[in-house]
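Scroll down for the structure; my scribbles are underneath it.
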Amino acid sequence: MTSLLEAKGIRSIRGERTLFNQLDLCVKTGELWQVQGPNGAGKSSFLRIVAGLLPAQAGEVRFRGELIQTIRSQYHSNLLFIGHKAAVKPELTAIENLEYYAAIQGQPLTAAPYELLERVGLVGLEDIPAQRLSAGQQRRIALARLWLSSANLWILDEPFTSLDVSGIAMLHERFSWQLARGGSVLLTSHQPLDNIPVQVNMLNLEYQH
Amino acid sequence: MASELSVGSQVRALMRREFRVAMRQRSDLMNPILFLLVVVTLFPLGVGPEPATLARIAPGVIWVSALLSALLGLERLFRDDFSDGALEQMLLMPMAVEWAVLAKIIMHWLLTAVPLLILAPLLALLLNLPKEAWGTLWLSLLLGTPVLSSVGAIGVALTVSLNKGGALLSLLLLPLLIPLLIFATAAVETAATGLSPAGPLALMAAITVLALVLSPYAVHAALRVSVN
Amino acid sequence: MWRWLHPYAKPEATYRLNKKLLPWFAIPGVVILTIGMIWGLAFAPPDYQQGESYRIIFVHVPSAFWAMGFYMGMAIAALSAVVWQIRTAEWAILAIAPVGAVLTLISLFTGAVWGKPMWGTWWEWDARLTAQLILFFLYLGVMALYAAFEDERTGAKAAGILALIGVINIPIIHYSVYWWNTLHQQSTITQAITRFEKPSMAPEMLWPLLVSILGFLLVSSALVILRLNNEILKREVRRPWAQTLLLKENR
């Protein structure tokens, strides 16, 4: 098992407060990592630093041994990041939103859009602008990108938010698929990942005063 | 996988989505244009309808009003993307972010400048602009509006994370747009007196090229600060 | 090539360096500025055309000159802040901006006062004054953008980017404003000043002017240094070095 993503000595300061210091993480292929911690501990900031959205005040992040800043395009073509905000355009329908995400990955959605919608439980809602769907349904549109993506690394900020039981089960199943094919998942979640058929590695963030 | 991702296909996908979203919010596109029409109408009412006076101030009035109306429509460049998370995803696209920025600027220009160019003859008519200057007015708007979109994008990128509205944006942008206003109105005025406006138009073209080349870098830097 | 500067980029080192530098700017600055003002306003000979009213150049020219100079200084600080992420450079932007804005305001005010005896109006759309007014707006934009952010680091970075865009724009603005002015030809302060700036300017007027320019530079720099140190203390007040320093100084 080789290391896919390595973060070393990460420090983050927001405003006057140090969120974390000297944080290390090594994600190997086929591993799932859960970042845990109380509100305000900096879980989202950590994910955003690792994804290359935020600069760290100290430390470095490497993807397959290379600094992510030096191989940014290559890193981002191997990364799927779904943040706190779902990045679903409220004016567009589910299919139109997914068409976009498929197209920027160079694989048109022509193959089987309805099959995909069925998988994420959005059949029958395909013609409705996303703004008229419920929060959970909008979340499902964003998460449908997991079925479009061939990225090795998934970074997901609170993916289970507003999902119902069937939605959570559907995600668990997809995570198993990703790990089985040699991909990795890094996520934050408040709930413990019960009933997930894979091993969960934990990274705990403490609240620093 | 990575090799299939051409810059062209990503830019096309981005522009198509931009266009679709804009078509669902057509009133957002029309409002600044209607504002422009109303403001231009106010001038004859405020200054008096004397044809010679109107013809004299027409280039300046049309251009100042166009600047103000452009400011109203600028925020939609990044505001919604910022609040729904699409901006983060844009910064994670596997290509130089400057291309995505340029695509957004060009789309914004197409969506805002085309209605303006259609409306321009009506504005010229309302303000009694001499016939000889109509073509130059149109050309000056064609050359100048890309500067509004690209310099405007910098201002929006800097202020997108603030909920301060347009006043700050205007304070930042209007001083930077003064050269554009000077050359544009000078071009229309020289044309109205029957002389060749080639000089100021060439200067405008130079500014346009400079703005289009440099602004994507500035916008990218500003967006990195704003998603903080 | 900038490696040698790097130790000074640490807030603590900058603070100590500033402390040492401050008297070297403040004391000669006040002395030289006083000499320049008295020499220029009281002892330099009256102008053969404008009589006594020309004397305002001893305030107007130095403030206008350094209004632009400090914008350049702010842009250099902004470049260091944006490219090398140096925190002290971010604070330097904020230390310089209000000082530069006040210099711009002084030059605008004196320009207007000078305009009154020359043209009989308080405000003339002269190229130099107009360009100075736009410079004032640019300063205001940088300060307003910084003030709008709750997080001071984000605000400083955004203000830095804006300052850099401004500095690219300044030559274009200047060219366009001077061009606009020749298009709508008016009497200009520019001509009045360039008459003095030519080497033909009498040495008994030129010397006090140069002394005033130096005095303005030193006093304004002292203000910037003072503001920068205030900013450093404000931001670093919880750090150990600042705490021990404050305890020592207040004993």
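In this document, chain identifiers A, B and C correspond to the written order of the chains, with residue numbering beginning at 1 in each.
Note that in this section contacts are C-beta pairs under 8 Å (C-beta built on N, C-alpha and C of every residue); 3 or more make two chains touch, one makes a residue touch a chain.
None of the values given here were measured: they were computed from a predicted structure.
Every chain gets a centre from its CA atoms, and the centre nearest the mean of all protein CA atoms is that of B.
Distance from the centre of subunit C peaks at A, each centre being the average of the chain's Cα atoms. The mean-CA centres of subunit A and subunit C are about 49 angstrom from one another, to the nearest whole unit. Centre-to-centre, using mean CA coordinates, subunit A is 36 Å away from subunit B.
Subunit B and subunit C have Cα centroids lying 32 Å from one another.
Counting partners per residue, subunit C has 151 as the residues that reach two or more other chains. The residues of subunit B that reach two or more other chains are 228, listed in rising order. Contact residues of subunit B toward subunit C in the complex are 154, 158-159, 161-162, 164, 168, 171-172, 174-176, 178-179, 182-183, 186, 203, 207, 214, 218, 221-222, 225-226, 228. Those residues of subunit B whose C-beta lies close enough to touch subunit A in the complex are 1-2, 4-6, 9-10, 12-14, 16-17, 20-21, 24-25, 80, 83-86, 88-89, 91-96, 227-228. On the subunit C side of its complex with subunit B, the touching residues are 82, 134, 137-138, 140-141, 144-145, 148-149, 151, 154, 157-158, 161-162, 164-166, 168-169, 172-173, 175-177, 179-180, 183. Remark: subunit A residues 14-16, 55 touch subunit C in the complex.
In the complex of the two chains, the subunit A residues touching subunit B come out as 51-54, 73-74, 76-79, 81, 83-92, 96, 100, 103-107, 129, 150.
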